[in-house]
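Next come two complexes, and both contain chain A; in the first it sits with chain B, in the second with chain C.
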Partner chain A sequence: MTAIEQKNKSAITLRGSSEIICEYLDYGINSILYQRGLYPPETFKTAENYGLTILMSQDNKIQEFLSTTLNQLKEWLVQRIVNKVALVITNVKTLEVMERWDFNVQYEGNINQGNDQVSDKPLKQIRNEIRDVMKQIASSVAYLPLLDCLCSFDIQIYTKSDVVLPNEWADAEPANIKNAQSVKMRSFSTNIHKMETVVTYKNDD
Partner chain B sequence: MAQFSTNLSLNSSKQKSNSSINNSKTPTKNNSGADIVVRTKKTPAKTPSKSKSPGRSTTPTPNKANGNKTPSGGDRFIPSRSATNFDLGHFKITQNEENASPSKQELQRVICENLHGNDIRTQKILSYQKKAPAAPEGFQNPMRVLYTQTKTPASVKSCNRYIPQAPDRILDAPDIIDDYYLNLMDWGANNILAAALGSHVYLWNAGTGKIEELMEMSGNDYICSLGMDTGRRFLGCWNDISGSRSGQIIHHDVRQRDHIVSTLSGHTQEICGLKWSTDGKYLASGGNDNVLNIWPAASNGHHTQNQTLYTFTAHQAAVKALAWCPWQPQILASGGGTADRHIRLWNMNTGSCANAIDTKSQVCGLLWSTNYKEIISGHGFANNQLIIWKYPGMTKVSELTGHTARVLHLAMSPDGSTVLSAGADETLRLWKCFVKNTVKTKEEKTKSKPSVLNTCIR
Partner chain C sequence: MSTKEQSVNDTIINMITNLKPRSMKLPEYSTPIKRSLSSGSNTSNDETQPFSKKPRHESILDVSYVGSPREIRRLRADLLSTRNTILNLQNQIQHMHGVRKEMQIMFDNEIGTLRSQCERDSKSIEELESQLQTIRKREIELKEQLSQETNKYDTLKIDCDAKIEMLEKKFSELSTQLKLQENEENGDFNKMKQRINELEMLYNAAQEEAEAYKKLTEELNSRLAECTQLKQDLELKDQLIQKTRLEIKSLDYIKETYTEIQSQAKTQHHKLSTYNDLEKENKKLKEEAKHLRDEIHNKLLLEEEVHDLKGRLVNYKEHEKKLATLQITKAQNDMYLEEWRAVARNICETTAPDMTLQKMLRSLVERLQQQEITLTSEKIQLESQLKTAQHDGKIAKADAEKNQHLVTELQNNIQQRQNLIHRMQKKLLLISRERDSYRKQLDSYEKDLTICMAPSSTAQPGANSYRKQLDSYEKDLTICMAPSSTAQPGANQLQTQKERIDNLEKVIDGYREMIANNVMLLFTEVAPIRIEQVRRLEEDINLLKNENNMLRERKDCLEIQLEELLVGQDNVQGRVVHSAKNPLADCLMQREIEKEKLAEEVERLKRKIRNLEEGLESSKLNESAISSKEVLALKEQIKASDTQMQRLKEYFKSSMQEFRNVIYMLLGYKIDKTSSSHYKLTSMYAERAEDQLCFQLNPDGALNLLENEFSAGLDELVELHLRHQKSIPVFLSAITLDMFNNKTMTTKTFDVDEDEPL
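After this line comes the complex of A and B, so read on.
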């Protein structure tokens, strides 16, 4: 076995890194939906990941929406055209944006390598970093204001302008919040993608 | 007659669509008296002067009978302000002006860049069009109970003993630090209560009611934790603020010069709850990282092994309240913070969660009664109450309210009859909620005699 092969054995490829990011977003978004009380708690089931118990929605439509969105996002992450993923929580009746979770994406390492880019960061270390962010998400309810209305969510993906618009996708308006306040969570990195999580919410005071 | 009325209705609807108020053009005006009656009936609210006539109230019914669907104000122009789009009109007018000014456009671009981190023209925002559904109509955010609760909506089981609903005594506790992560109170076996208020430690003799000041810290130091001596020399304790913030548990042996026996690192954030089991086999530690760790005692029983026996991640908030069952040493009760609100019962033999109950409020403290098979829990927002639960069914026995801020700590008197709660409202309240039934204790005494005999025979 050559040295290169050995290196590749434990390395994370560009696609693998995109998968790690999407897995984090899947668990993170489900956790937010549960923690912020958007849907009835009985529609969630516990799942073990990152050494934590995370509640995942069992609603078919929500699952379908998330998997379609995240699968598309994965392709765009491989193409390195995503700048940001935003989870927008809106009031169903007034359509006012109540809260926005920004997942900012940065591309690290030697981007010139293209699709052959690999990272040798241990997976365990990445998962530990993700776990710390997940814990922060779970404890964010302590300071976020109560969403005292029927709310819905949407996922917006900020891409570079030269993206080919797939079927059933459309341009969206940026979601801005009046009198907003932001809290930045920890960030984690696969050495290919760096992900920073920020929550922005409406300040009532 | 019917023909005439339809004619009139047509006419009035036409008038409405033309948005003109022109009564004189209607043909009815020049008709005979009978027709005038119809006309006045048809036009109930046209002019304010007519509405003053007494017979007006009956007029709407003939309209309906004729199937006339035009609204009563048929010939009056009422602009629909919601549909006129004044905002849009204003924007369209002012938009042209903005297009003329390049400096304004530049300003917009800079604002946009600051808001979105990127120029909107070099970036696209995309979203999938088949949106996820909203929650079912009528669904209410379950977190709401934390903010707007008036009374916990669980039924209170009636019990066959009297539990006083008011505190037996209230003591002032000025300057008590309102911090979820401190342990500021203990009730020793000698019936002396110790409480740390800011930088002072006070002793209160529960028998005589005397108060003594034990010590005062110098400078800005404050006490984070205190415990009365119960005969055990070895304590698992977190050393100081810096140590606790790092999430380490340090075993000290106070008889040695190098007092640190071992250091446990099982938490990533500060530790807020720490308890030895009643038989000394396990040490439970709860952290701000929502994790509850169980450490098995080392073979000599003085400290624990460095590997956790169990790691429970079921709590969704910081785990402060921890209490081991006095009569079943393998049972642990733990309570979660604001986002969790659950009391969970764990069995150490199986490593499983035996029961979990949503208390609808932050759980700050837990104590097992030694006189009854019951648990008492101290809560925060919204009612700041103490709740007594029946074990193992976890049905509510009683709720004790009185504190005006969250209950920070709980302690029990040596005889197990009184529970002391320290609130963030700077009061210590004594609740005589576990007083032994005197009749029952007599029965117990008579029962205990044969058991002594039994041991003799063996």
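After this line comes the complex of A and C, so read on.
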């Protein structure tokens, strides 16, 4: 392991890759929450990342929820038991699922290396890929239907069956959408994790 | 010509003559010149002639002249010499002629020039002459003019002389007149001097008079000053008098006050004498005061009580109202009770007193209740039964629906089966056809077999032979039928033919029977094969069915997969996990809490509405108590501010009155404001109450005097002080003075010497 580290100073470890994924999810989910108008725009503040200005929620509850969820997700990503992360937007009145943002996770490279797996993909390139996806997310407002009802969101993590649930975690129902339409965004990869973003939304027509 | 010849001869003669004295030759030359001068034109002829006529001259000479040889020689020598001389002379002459010609040319030129000069001169002379003539004419004219001028001059001279004479005469006359006038003026001057003297005298006298007048004026001035001084004194005196009057008035006032004080003093004295009594009284009064204070305290308490009682009274009034309503309700209730009692009696069918009626009713009611209870229990039982029945019915319905479903499914199945059967039948048909074809093949094979091995089989070749025979018979029949239709060989032939046909038909029938038998035989042989075929087909059908089922299962599987692959569906492998404390759950929780809260609120409000409807105003009472306190506080505030206001008003009123009085006293006018910008002035010295001056304040801020009865009578003052001096104060003071004077005039009997007060 030390030898490898010495070889590739800029190498990305499994944990680092998980952190990159979680950072992307943090910014991506905040951006979606702002773009889709789930919370009032005045509770958001601009932050610079990936060469873009992204609006981040200042709501304590949301921040806390995201941090706990993403920390847990990071652990699971290291353990390679996550298949998919889904941001589910639900109508509070009817409990109907309006939108689902799927973040599909695929594990690349030599999985047998276990925790010693590293990637020598330049960080800048990964960040550029993430930036492209973020841009797509920001521009998705153009075609997504207006959410004109009181909505809330949930983050569901699709794991393998042998997951050990910590406290305050529970099984959830898969969020199916009737009369749905889906748009696939760009994907990016750290050469350890490949993240594919797909938005599925209820078609009003 | 003759003249010319003569002249030539003359010349020759002259020459001859001239030859002797040579000295005379030179003067001769001058002659031709002279002649040429006189007759120039003939000279050319003269020059040529001598050369041509020379011989003649000689001949003549020869002839005429005959002498001695010496003389002839000498003459000849002489002649020769003369001839030379002549030649010389001729040359000379020629030369001279040339010279003369030159000279003549010169002369001619000169003559031309001279002639032209002469002409010019003559012209100039003519001109000069004409000039001269004109000058002469002018001279004549001038002379005439001169003569005229002289005449004029003469006449003028004469006139002037006459004028001079006249002027001299005039001058003399004037001088004489001047002298006369001078004389006269001298006389006038004297007169004037005399007059001046007189006037001076008069002037002096007048000056003297003026001085006298001046003195007089001075005297008068001094007197006037005295008078003004007197006037001033008078005014001062008047003022003094007024002052004294005022003083008198004030003294009167003082006197009055003094008398009052005196009376007061007297009373005080009296009071002093009764001081002890008063003290006693005072003590009594103090006690009384204490008593009164206690009473006031009591009164306050009582007032509070009264206040409370008032509140209570209000409550009581309300209670009274309620009472009245209650009484009404009570009366109604009594009525109802009576009715009820009547009803009860009717029910109980008794005329017992009311006390027993209750018990009876109760027992009846109890009985009824018990009955009701039993009935209700029965009813409940029945209801439960009904429910169970309904439930059963529902279940049955569900079952029926299910069954119907099943039936429909079965029907569908049946239909499918029928379809299948149809298909199977079709297949069967196909198969039977196939079988036929096979059979045919079989037949053909059999035929082949019969051909190959005729003796091997007995029945089939028999049949074949029968068939062949049949075929041949049929052919015969057709052949026989053909000639019968074409020709008529005869009735016999026909009959035989018919018979043959019948026979043949019989034979055919027999063969047919045989064929049927054979076929039957054949069928009985084929049956087992057919059963096998059917079995095989059934197996096929079973196989197909199995396949069908498999495919169906596959299809179902695929459909399920497809559903899973649909966009909206979420494909789940493994577990879906989420944080229990997610925003959606929070949101839902909050919603639930809110819902509960709202439900509670709704409940509360409903209760409140109910309470309000029932008229229970416990909450309201509370509120009214609070509000009444506030109202009381506010009322007290209002009272306090009212009293303050009142006090201020009074103060303002008193000060205003004082101010007005002071103004009245100082300026002698009472000023009232009748309406906006209208002011009414009443003088202190007005004779009548109606004598008032009205002023209006115009928008420019100046005052206008309004005309009324009184102001109409003040024209002079208005003219002088308002129009001329433009001063209202002066106008007013003038009016004051005027009226004061009037009043003093009328009330001259002003008593100055009134008794002074003590």
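Methods note: the second predicted complex is superposed on the first by the 198 of 205 C-alpha atoms of A that agree within 3 Å, B and C clash if a C-alpha of one lies under 4 Å from a C-alpha of the other, contacts with A are read in each partner's own complex, and residues count from 1 in each chain.
The rule is short, and it goes like this: a residue touches a chain if its C-beta (ideal position, glycine included) is under 8 Å from a C-beta of that chain, and two chains touch if they have at least 3 such contacts.
Here the structure is a predicted model, which is why all the values come from computation and not from measurement.
A.B. asks: Using the overlay on chain A, decide if chain B and chain C clash or can fit next to each other.
C.D. replies: Aligned on chain A, chain C clashes with chain B.
A.B. asks: A:G37 contacts which: chain B (first), chain C (second), both, neither?
C.D. replies: A:G37 contacts chain B only, not chain C.
A.B. asks: Taking the superposition on A as described, I'd like to know which of chain B and chain C A:T200 touches: first, second, both or neither.
C.D. replies: Touch status of A:T200: second partner only.
A.B. asks: Just chain B (first), just chain C (second), both, or neither: which does A:Q106 touch?
C.D. replies: In the superposed model, A:Q106 contacts neither chain B nor chain C.
A.B. asks: Looking at A:S161, would you say it contacts chain B, chain C, both, or neither? Reply first, second, both or neither.
C.D. replies: It touches chain B and chain C both.
A.B. asks: Among the partners chain B and chain C, which is in contact with a greater number of residues of chain A?
C.D. replies: B
A.B. asks: Would you check which partner chain A:K61 touches, where first means chain B only, second means chain C only, and both and neither mean what they say?
C.D. replies: The answer is both, since A:K61 touches chain B and chain C.
A.B. asks: Now for A:A180: first (chain B), second (chain C), both, or neither, which partner does it touch?
C.D. replies: Only chain C is touched by A:A180; chain B is not.
A.B. asks: Quick check for you: in the superposed arrangement, does A:L147 touch first (chain B), second (chain C), both or neither?
C.D. replies: first
A.B. asks: Identify the residues of chain A that lie in both the chain B contact region and the chain C contact region.
C.D. replies: Shared contact residues on chain A: 61-62, 65, 68-69, 72, 83, 86, 92, 150, 152-161, 163, 165, 168-174, 176.
A.B. asks: Quick one: in the complex, what on chain A touches chain C?
C.D. replies: 61-62, 65, 68-69, 72, 83, 86, 88, 90, 92, 100, 150, 152-161, 163, 165, 168-182, 200, 202
A.B. asks: Provide the residue numbers of chain C that touch chain A in the complex, in ascending order.
C.D. replies: My answer: residues 566-570, 572-588, 591.
A.B. asks: Okay, in this complex, where on chain A does chain B touch?
C.D. replies: Within the complex, chain A touches chain B at residues 35-41, 46, 48, 51-53, 59, 61-62, 64-66, 68-69, 72, 83-84, 86, 92, 104, 132, 135, 138-139, 141-142, 146-161, 163, 165, 168-174, 176.
A.B. asks: Which residues of chain B touch chain A in their complex?
C.D. replies: Residues in contact with chain A: 115-118, 120-137, 139, 141-144, 146-147, 268-269, 288-290, 311, 313-314, 316-318, 337-339.
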